[in-house]
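Reviewing the structure listed below.
Here the chain labels run A, B and C in written order, and each chain numbers its own residues starting at 1.
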Amino acid sequence: MNVAEIAVFVGGNLSGAGDAEIFRVSDLANAADGDIAFIEKAENLTKTNAACLFVPENFDAALPFPVIKVKNPKLAFAQVAAKLRPVAMRGERHATAVIAASANVEADYIGAFVSIGENSKIGKNVQIHSGARIGDNVIIGDDTIIHPNCVVYDNAAIGARVILHAGAVIGADGFGFVRNGASGYVKFPQIGTVVIENDVEIGANSCVDRGALGETRFGEGTQIDNQVQIAHNVRIGKRVVIAAQTGVSGSTVIEDDCVIGGQVGMGDHAKILSGAVIGSQAGVLPGKIVRPGVWWGTPVQPLDEYKRQNARVKGLERLKNELKELKKQIAELTAEK
Amino acid sequence: MNVAEIAVFVGGNLSGAGDAEIFRVSDLANAADGDIAFIEKAENLTKTNAACLFVPENFDAALPFPVIKVKNPKLAFAQVAAKLRPVAMRGERHATAVIAASANVEADYIGAFVSIGENSKIGKNVQIHSGARIGDNVIIGDDTIIHPNCVVYDNAAIGARVILHAGAVIGADGFGFVRNGASGYVKFPQIGTVVIENDVEIGANSCVDRGALGETRFGEGTQIDNQVQIAHNVRIGKRVVIAAQTGVSGSTVIEDDCVIGGQVGMGDHAKILSGAVIGSQAGVLPGKIVRPGVWWGTPVQPLDEYKRQNARVKGLERLKNELKELKKQIAELTAEK
Amino acid sequence: MNVAEIAVFVGGNLSGAGDAEIFRVSDLANAADGDIAFIEKAENLTKTNAACLFVPENFDAALPFPVIKVKNPKLAFAQVAAKLRPVAMRGERHATAVIAASANVEADYIGAFVSIGENSKIGKNVQIHSGARIGDNVIIGDDTIIHPNCVVYDNAAIGARVILHAGAVIGADGFGFVRNGASGYVKFPQIGTVVIENDVEIGANSCVDRGALGETRFGEGTQIDNQVQIAHNVRIGKRVVIAAQTGVSGSTVIEDDCVIGGQVGMGDHAKILSGAVIGSQAGVLPGKIVRPGVWWGTPVQPLDEYKRQNARVKGLERLKNELKELKKQIAELTAEK
């Protein structure tokens, strides 16, 4: 694509020549000939050898190369990156892969030592990388990418354009037991399913447990970072973002468009209502309903309240000193009587 | 099993006909013909097509299908589930598995691409699923299930009826170093062992490090969730429950029947006494002794004290206002003199 | 090595006979003939069958076996352990390994089911254990050990004498998205690299993401525990220690010789200056600069301040009672007017 075509593709406003060919995206500092970069604010501009820049709409400096003015330069950059670097077609089914005869596999790429179980159905243009384990009766939609050494247990259903990063485990048994007096625990049946809808990305070494009896479900477009733990029967809505190392306990519901920080812990049967934002390391008690807005701390409270409370704790020393002063004054008043 | 046989099996009290065959367990909402479900309290009853229900002993509503009254319906349900869905015998040793000639393997199922090292001894009815790595000199007891892509390092000893979920790592080196001035760290030897006793379950992507010099040990019937980290030389007793993403530092002891929440952090050389319950996200300082009872917060304190302290912090605003009012009164008293 | 040679090797001062051969390191309690153990303080001495002990320089008890006095007995012990137990040469390339024809592999040991991609370059004496996945264009330096089922994505560069424990994932995509209004998220390009310098150890199931556009880098001699998460574009200096389950967000910098506890969370673009020590479970806000010294809590504060604040919160009950008493005194004064 040349610069002019890119301007049209992102709906931007081109200043300068449109004929230079763009081959790659890059950051400002490392950009070279053929690269496009971006700045979110005019003041972020530093020396660059980029062939073209996305800039914000109010950018008005004269540069020795073309710029494309857009409302959201970072978004335009991400969109062009996907266009310039489409997922490579591999067109190989490695001879070592073990695919059950009853499986229906249309995948474009199956790596070395992949195993695919009985009756599983794998869509078109799917990539399953080396060492990934796909169980029995698994469904995987078109254009999905399963990175090396992922494990998908039996009966899981995974949508289209999903990405599972290396070591992710989908559909392990949930953590459910019933105490039987002194003899210990009896395992509660963990025989439900997992459904991952389209356009979900799940990070490396993250875990999503199957439902105990029902299902665990992730809605379309949801983004999960590395080392996240999702317990049995959790339901996560569409376009939810969950940062690394967060853990969600059984049967909790996270509605559409929530944003959850890293290392957050949620008790079971909580409900995070659509549009809630929860800060990193926060703790949500079991059964808690978290309303839209920004939440922080353990147990979670509205960010404003959290800040006020922190300020009050910080102010304790002053409070103590004031109290001491009052004591002195009262002692004087009493003595003067 | 028919309903009457199930009633006998769980020691329950049957109301209604006992001849219907039960094939599966299910939750209330999805139960169909041939399914048994349960309710923990009478008020949890909703419309269901189950063929039979476990109900609490005080349940007295008349239903159009048989019910079995038991002391603990959830426990009865879990016990019947295990009876109705015994672990499947697979009876296959995949041609791709690489098993050392010196290994003694009686296992019932060895999946594709499994590797088993020198002198390892694998018991009867064991299942080792695809891509699992069993090192040298490993012992695995009867009826144990190792899910795909688990890694068991050399010399680990794993009991009978143990379950390791996908991606679990047993016996990696502990995290021990000695600082050698400006030149950095020298690795402390990590040459001990791991012993996992019978009936332990370990969640997906959890890690249990080998002892540095001695052993790391898990007692019988202990239940470990996903993404738990157990450091070198930790000793965990029998029937301990540890929820997801908890981390236990080196040489800490957790005695029998403790219950540990998710995302708990424990420093090294701590001691959790039998019967202690530690809430999620709590922090136990190194060397701390935690007595029986319920503990919460960082650093952990008894739950009652934690709640009182939280209430006091919440009450700070009122305290401040009261102080302000007193100031005013004193100023008035002083002025009136 | 005999006792006299060991004394010379560690620069220690031998008391007793020097001719006994030492074959192994051991802890005090389990030591037997041929074993060397250590005590850090004279009062730690208990009954032992060790053939020799490292002891501190001020140790002066008479023992029935030789002792070697050194400044740091634990360090001497670790140094001798490495000498007595050199990494075993395996000298095997398993027939099942799939190695791209374009890869340049000098490794000493390649386990079963290993895969190595196009144009990768693996140094001398490297061990790559069963099921490990090495992508395309990966560089691995001499004497490095990659444990089973690790995944190294394309283009990563790993130094010499590095150890990756089982299940570690190096170079997965970072977690970066741009919101595109109601339609959800567009993936920000994650096309940078990871560089792991010499003598780094990374724990089991830890994850290190590639840079989004630039690189993620670990300096020489850095030690990372299990289940640690390092996001895109993080730069970690030399001889840094990070304990288990800590998470570091994008573009954060941790300078040389920092020590970071377990379960710490760091926001993005933070900067931890050389020599800072951060306690377990601490939280570092995005953009925060943490200076040398000991830090604790969320958000992090100097340890002294953290302790003072905790003490103040603990003292709230007394503060409340004092205020109550003052109220009473003022009411009396007012009534007496």
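Quick note on the criterion: a contact is a pair of C-beta atoms (placed from the backbone, for glycine too) under 8 Å apart; a residue touches a chain by one contact, two chains touch by 3 or more.
Values in this document were obtained by computation on a predicted structure and should not be read as measured data.
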{"item": "Subunit C against subunit A, contact positions shared by both copies (same if over half, else different)", "value": "different"}
{"item": "Fitting subunit A to subunit B on CA atoms, where both chains share a sequence, rotation angle to nearest 5 degrees", "value": "120"}
{"item": "Cα-centroid distance, subunit A relative to subunit C, in whole angstrom", "value": "26"}
{"item": "Touching two or more other chains - residues of subunit C", "value": "96, 113, 131, 149, 167, 205, 227, 245, 263, 313, 316, 319, 323, 326, 330, 333"}
{"item": "Partner subunit B, residues of subunit A touching it in the complex", "value": "96, 98, 113, 115, 131, 133, 149, 151, 153, 167, 169, 172-173, 175, 177-180, 184-189, 191, 205, 207, 209, 213-214, 227, 229, 231, 245, 247, 249, 263, 265, 267, 283, 298, 308-309, 312-313, 315-316, 319, 322-323, 326, 329-330, 333, 336"}
{"item": "Residues of subunit B defined as touching subunit A within the complex", "value": "25-27, 29-30, 72, 74-75, 77-79, 81-82, 85, 94, 96, 111-113, 129-131, 147-149, 163, 165-167, 199, 201, 203-205, 220-221, 223, 225-227, 238-239, 241, 243-245, 262-263, 280-281, 313-314, 316-317, 319-320, 323, 326-327, 330, 333-334, 337"}
